[in-house]
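In the two complexes below, chain A is the common chain; its partner is chain B in one and chain C in the other.
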Partner chain A sequence: MLSAVKAKDGKPRALRSRKKQRAGFIAVCTVPTVILFTVFMLLPTADVFYMSLFRMSSLSLNKEFIGLQNFQILFRDEKFWQAFRNNLFFIVFVTAVTMTVSLFFAGLLAQTELIEKPFYRTVFFFPNVLSLVVIGVLFVQIYDPTMGILTSTLKTIHSEGLIHAWLGEKSTVRWCISAAMIWQAVGYYMVMYMAGMDGIPKDLYEVANIEGMGKFRQFFSITLPLMWEIIRVTIVFFIISTINMSFVFVKVMTPTGGPSGQAEVLLTYMYKQAFTNSNFGYAMAVGVFVFLFSFVLAIISNRLTAKEVIEY
Partner chain B sequence: MKNAKLQKWSGKLIVRVVLLLFTAVVLLPIIWTFYTSFKTSSEFLTNAWALPAGLHWDNYKNALEKGNMLAYFWNSAYITLIALVFVVFLAVPTAYVTSRFPFRFSKGLSILFMAGLFVSQNYIVIPIFLSLNKIQNFLNQYVMFQHLEITNNLTVLALIYAVCELPFTIYLLTGFFRTIPHDYEDAAQIDGCGYFGTLFRIIVPMAKPAMITVIMFNFMSFWNEYIMATTILKEQKWTLPVGLANLMEQQKFATDWGAMFAGMVLVMIPTMILYSLVQNKLTEGISMGGLKG
Partner chain C sequence: MKLIKAIACVCALSLGVSALAGCQKVSDVSSAPAQSQAAEPQNQELNIAVFEGGYGREVWDDLAKQFEAKNPGVKINVTANAKLGDVIRPQIMNGNPPDFIFLSSTNESGILQSLIQDKKLADITDVFTGDLKDKMIDGTLSAPTIAPYGDGKIYAAPLSYSTMGLFYNKTLFKENNWEVPETWDEFFALGEKAKAKGIGLFTYAAANDPSYNEIVVNPTIAVAGGEQALQDCLNYKKGAWKSDAVKKTFDVYQKIKDGGFLLDGTLAMTHTQSQQQFLQNKCLFIPNGNWLETEMKDAPKAQGFEYGFAGLPTFNKGDKKYIWANCEEMYIPKDAKNIPLAKKFMTFLYEDASIQTLASKAGIIPPIKGAANLVKDSIDQSVYDTFTITDKGYTPVTGSYALTSQTEVNLRDDLYQDLNQIMAGTLTTDKWSDNLEKDAETLSSLILK
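After this line comes the complex of A and B, so read on.
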């Protein structure tokens, strides 16, 4: 401000050059970013939509415009619907368990003042920094029928009846993959919920204690309502990240999509259509579906959870 | 009085037991991975929980040499470093300008980058892969570009990584830059500091906490990235996650469990070292409002 005034008083030329400098600075700062962002993000995204309207048979890329035919085939494709159902399973189950467990632990840590609180936070968060591939590989070993610790533990406690082929059986494969996903996500959400709980004024709990309100009641009638905004954000976040994470986990843990496609998810199906069948147009139709589906789901859950924000 | 104290103490004990149980659920698989990586092939066939008789370092030798993990380690280090440089030098000036220099397109730009938050690498990887191939085919027609390889190129992939993280990085930095008072820039300008000087000598040092958060999160996502790397890179250029996934595939035929467990440890160790150094800042970063997937 000051410099602009000074320039106006005496030297209009300096003002003009200053203006030019400003414009130049803005250009240097934004133009390279905008170009690269367009090339590697906007155009590919547009390409996803564009390609979904074509039949593209192989890498040679002979393409033929077929309108919405890919989508018509898609909606009659039994394998696509199976992948969709599996994805819904992961979204609902993984979200429900991760949220309950992480809220539970965050509540425990917030309400009891333990000296070793930072220790638990550090440990629980740790899986989140590991590569999803490492976690996938690790859980494949845990479930291994010969040298895995799960089967081995069940044998040690003489519960042979509970032993399954884990990732090789239709009835268990999705639960086993979910466990890996929950294991990696709990700490992250716990840390986030803990931050939210730290923001709640302590005197509310003191009053509740004096009134003789139990810890569980306090959790449900003070903590949860006051954290509702954070929980809402995380639900939308859960949906998007589960769709993306299930891709890596399924790809690493059951490269074929599990026994009779029982673990196939939308994005692994897309990837297979593209790189195994060279069916790029069709794959992009699945991509468009995933994009719209996550968007719509995010909006719906946002509407459903809308509530008046409680001020405190 | 005494009774109330006892009750409180026993309540804490129950909480501790529950928390320690979950601690075991988190830590045991990792501890198991570490000591199992020292087992010999025959030891793998006995009880899975059993400790190895000795330290069988050959597993690490196999992973590093036969499994080629050493080469993949350097590829990962290179791609992570280059992508970090790209993302910082692209995002910092852009976030600075869009948050503090109102101009005709500044609102539009912010919205554009925000929209990028909804795009997932997992499906744009296919158009990117096809486009890179197309450009490569085009380049191959000319003698002067014969040795230019862009499809299997770590630097190109690093640039793509950086661009994919731009929306999140710009979002986080913009929020932070907005909180810095304008007085600093005015003072700097009176002292004759140019725009770039102000940005790099005044604003960036002030934004240190945000910079650290941004670098940490991006380090994690670059170091751990899998889908793009496995799609775009070929064997000699693979990164650690791709190499590890491949080691697991090989293991199915060669049953070299030792090398695979050693490989897992090798991928985990750098992240563990970094985590031990920055874990406080990392969890703080999340509380600060850094949502990240």
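After this line comes the complex of A and C, so read on.
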């Protein structure tokens, strides 16, 4: 403080020029990103809003302005609501399971002194290295009705009654796709949670041990509260990535959106309307809905999980 | 919430400005072709864009060479791609489309439908004058995708023509002394016999394209209620999807389900998976088209496998027999730079020499009377069989759903998705009809005029 005052009194001009320099530097660093972000993110997003007001084909050669008509249709389109429900299912189920499983494994690996720790970490993280499409194809093979490992295994243990046309039946398709999504995501979040857990001071656990606190109690009373910030962030990640990921998985695993659209999600429905049904304006209305939906969801989840951050 | 509103407003404003700017650009580009058209006829270029999947690109390179040899000074650039729609969509959007496109209306990209809706196809009625018009197989120039606006003017031309039906393995039938069924009763009786041997009766591409059943559904509606019953369905006439003809057709599927005649696991099979099962004698019949033999050329087959092509069973002996026929379209965008030359190229494709090339290199046979006999020596037996089925008393029916302006309803998609539900036992045929009738009601008011 003292030195700052002195500098202000001593050489005001130099300081001002340094301030200018600093602003210039910041501008140089941020402007390219701002431009890129504007051109490739903001403008296209804005364009989506604009195009949703038109009746147009995917070639957009003849546009007809129809105001909010696309949105009116949206609200009475059963297929859209079905896709929405499926999306909610994926968001809730995949998020809940992925979070539980990855927290469990992270706790296990972070708080025990296993020698194979790095090995497990690599194994769990491995699916993240693979492209989503590869994982989708992999699981399609697993669920294959004639030579898939799942069907074969059930046959081997004489449980033919349990065999289904996994990706072709209403009752199983969403669970099967969820399994692939969870397998894909667990490792990534596990590594994130482990990083968070590593940041918690070890002496807290030592004290807990001395006081005779069990491992589970330690997990819920020390680990969880202290890494709450990270969990909050990952929930937003979950929501956004599930919306995006479900498109790839559904598209790869059930090209038609599952039996009677049972696996259709908002983004695959949008794609179908835009490029197969040649109904681009309407697809953009779906896009607007997805945009607002994820926005609102992120805010809600942020509010719900808001809690005073515990300092340590 | 206020914050979101503010952001939305800013977004909306900024986009309005940018989009207007965008429009300006597009119209600039589209006015450009007019100038280039005035160029000399010498050294003309023709850009053709063709669907590659199944047919390959070689055939087009060959045809391009032949056309260039016939027309000195012409240079043809071939764009061939299995995802052709994605390649040419941006070109069309920028007002710089290829001069000639071969991409079927059944392609998932929906390019032809979009061009029709946007009225961006060149009128090619004058290609079909005189001889050529008489040579075309009846009914192939009147489908909604060919003459979409109901004024008799032709905007797309049928390049490939094929009849589709049920395929079976001749050897398997011979070994067991089975006859190809003529009626649905015989069909199901045969199914019982096959079941005793652990063989399924029917399978199809449920997982990725249940619409292969169009091959069964459409002609069967015609058998049950005459061609008009089918046309009423395709044109969304009131009550058409609840008619007796449709009900009888749907009941066939209900029987396949109830009798346990569907090959196990079909609901999760893609077209290649189901075809593979068929080739290995796991199943008696599969609805398919003349591309099947080429498509499964390298797939493992049951010993002695021999392709057999059967039309469809009828309800009673003596019913008029129908078979589904399909055309794949070629067309010229309105904004194309060289429409006259593209038309010349189209006419050239219908010449005998070109038909030979199309058939031998890609198995494409145009809907020209007698074309199949012309190329008999250079095509697979099963392809030839599909063409000559008409000699066995089958009448080809063709058509496509009436085109509408943009709508979220897709009747064809619903029809075959619901068919999967029938097979899964999660829907009744009455509800199936109701769903389609509802779709038809929405669509009938939107038919393009």
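What we mean here is this: the second predicted complex is superposed on the first by the 268 of 312 C-alpha atoms of A that agree within 3 Å, B and C clash if a C-alpha of one lies under 4 Å from a C-alpha of the other, contacts with A are read in each partner's own complex, and residues count from 1 in each chain.
Methods note: a contact is a pair of C-beta atoms (placed from the backbone, for glycine too) under 8 Å apart; a residue touches a chain by one contact, two chains touch by 3 or more.
Please read all numbers here as calculations on a predicted model, not as lab measurements.
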{"item": "Room on chain A for both chain B and chain C (clash or fit)", "value": "clash"}
{"item": "A:260 touches, of chain B and chain C: first, second, both or neither?", "value": "second"}
{"item": "Partner chain(s) touched by A:145 [first = chain B, second = chain C, both, neither]", "value": "second"}
{"item": "Partner chain(s) touched by A:170 [first = chain B, second = chain C, both, neither]", "value": "second"}
{"item": "Partner chain in contact with A:248 - chain B first, chain C second, else both or neither", "value": "first"}
{"item": "Chain B versus chain C as contact partner of A:33, first or second or both or neither", "value": "first"}
{"item": "Of chain C and chain B, partner touching more chain A residues", "value": "B"}
{"item": "First (chain B), second (chain C), both or neither touched by A:62", "value": "second"}
{"item": "Stretch of chain C penetrating chain B in the combined three-chain arrangement, among 94-102, 148-156, 328-336 or 346-354", "value": "94-102"}
{"item": "Shared contact residues on chain A - chain B and chain C", "value": "42-43, 45, 47, 51, 59, 61, 146, 151, 255, 275, 280, 295"}
{"item": "Chain A contact footprint on chain C (complex, rising order)", "value": "4, 8, 11-12, 14-16, 18-19, 22, 85, 89, 92-93, 108-111, 113-115, 117-120, 206-210, 264-270, 273, 277, 405-408, 410, 413, 417-418, 420-421, 424, 426-427"}
{"item": "Touch list for chain A against partner chain B, complex", "value": "1-3, 21-23, 25-26, 28-30, 32-34, 36-37, 39-45, 47-48, 51, 59, 61, 105, 108-109, 112, 114, 118, 120-127, 129-134, 136-142, 146-149, 151-153, 156, 183, 187-188, 191-192, 194-195, 198, 233, 237, 240-241, 243-245, 247-248, 251-252, 255, 267, 270-271, 274-275, 280, 283-284, 287, 290-291, 294-295"}
{"item": "Complex contacts: residues of chain A adjacent to chain C", "value": "42-43, 45-47, 49-51, 55-62, 73, 77, 79-80, 143-146, 151, 165-170, 254-256, 259-261, 273, 275-282, 295-296, 299"}
{"item": "Residue ranges of chain B in contact with chain A within the complex", "value": "11-12, 15-16, 18-19, 22-23, 25-30, 32-33, 36, 44-45, 47-49, 90-91, 93-94, 96-98, 101, 103, 105, 109, 112-113, 116, 118-120, 122-124, 126-128, 130-131, 133-134, 159-160, 162-164, 166-167, 182, 186, 189-190, 194-196, 220, 223-224, 226-227, 231, 240-242, 244-245, 248-249, 257, 260-261, 264, 267-268, 271, 274-275, 279-280, 282-283, 286-287, 291, 293"}
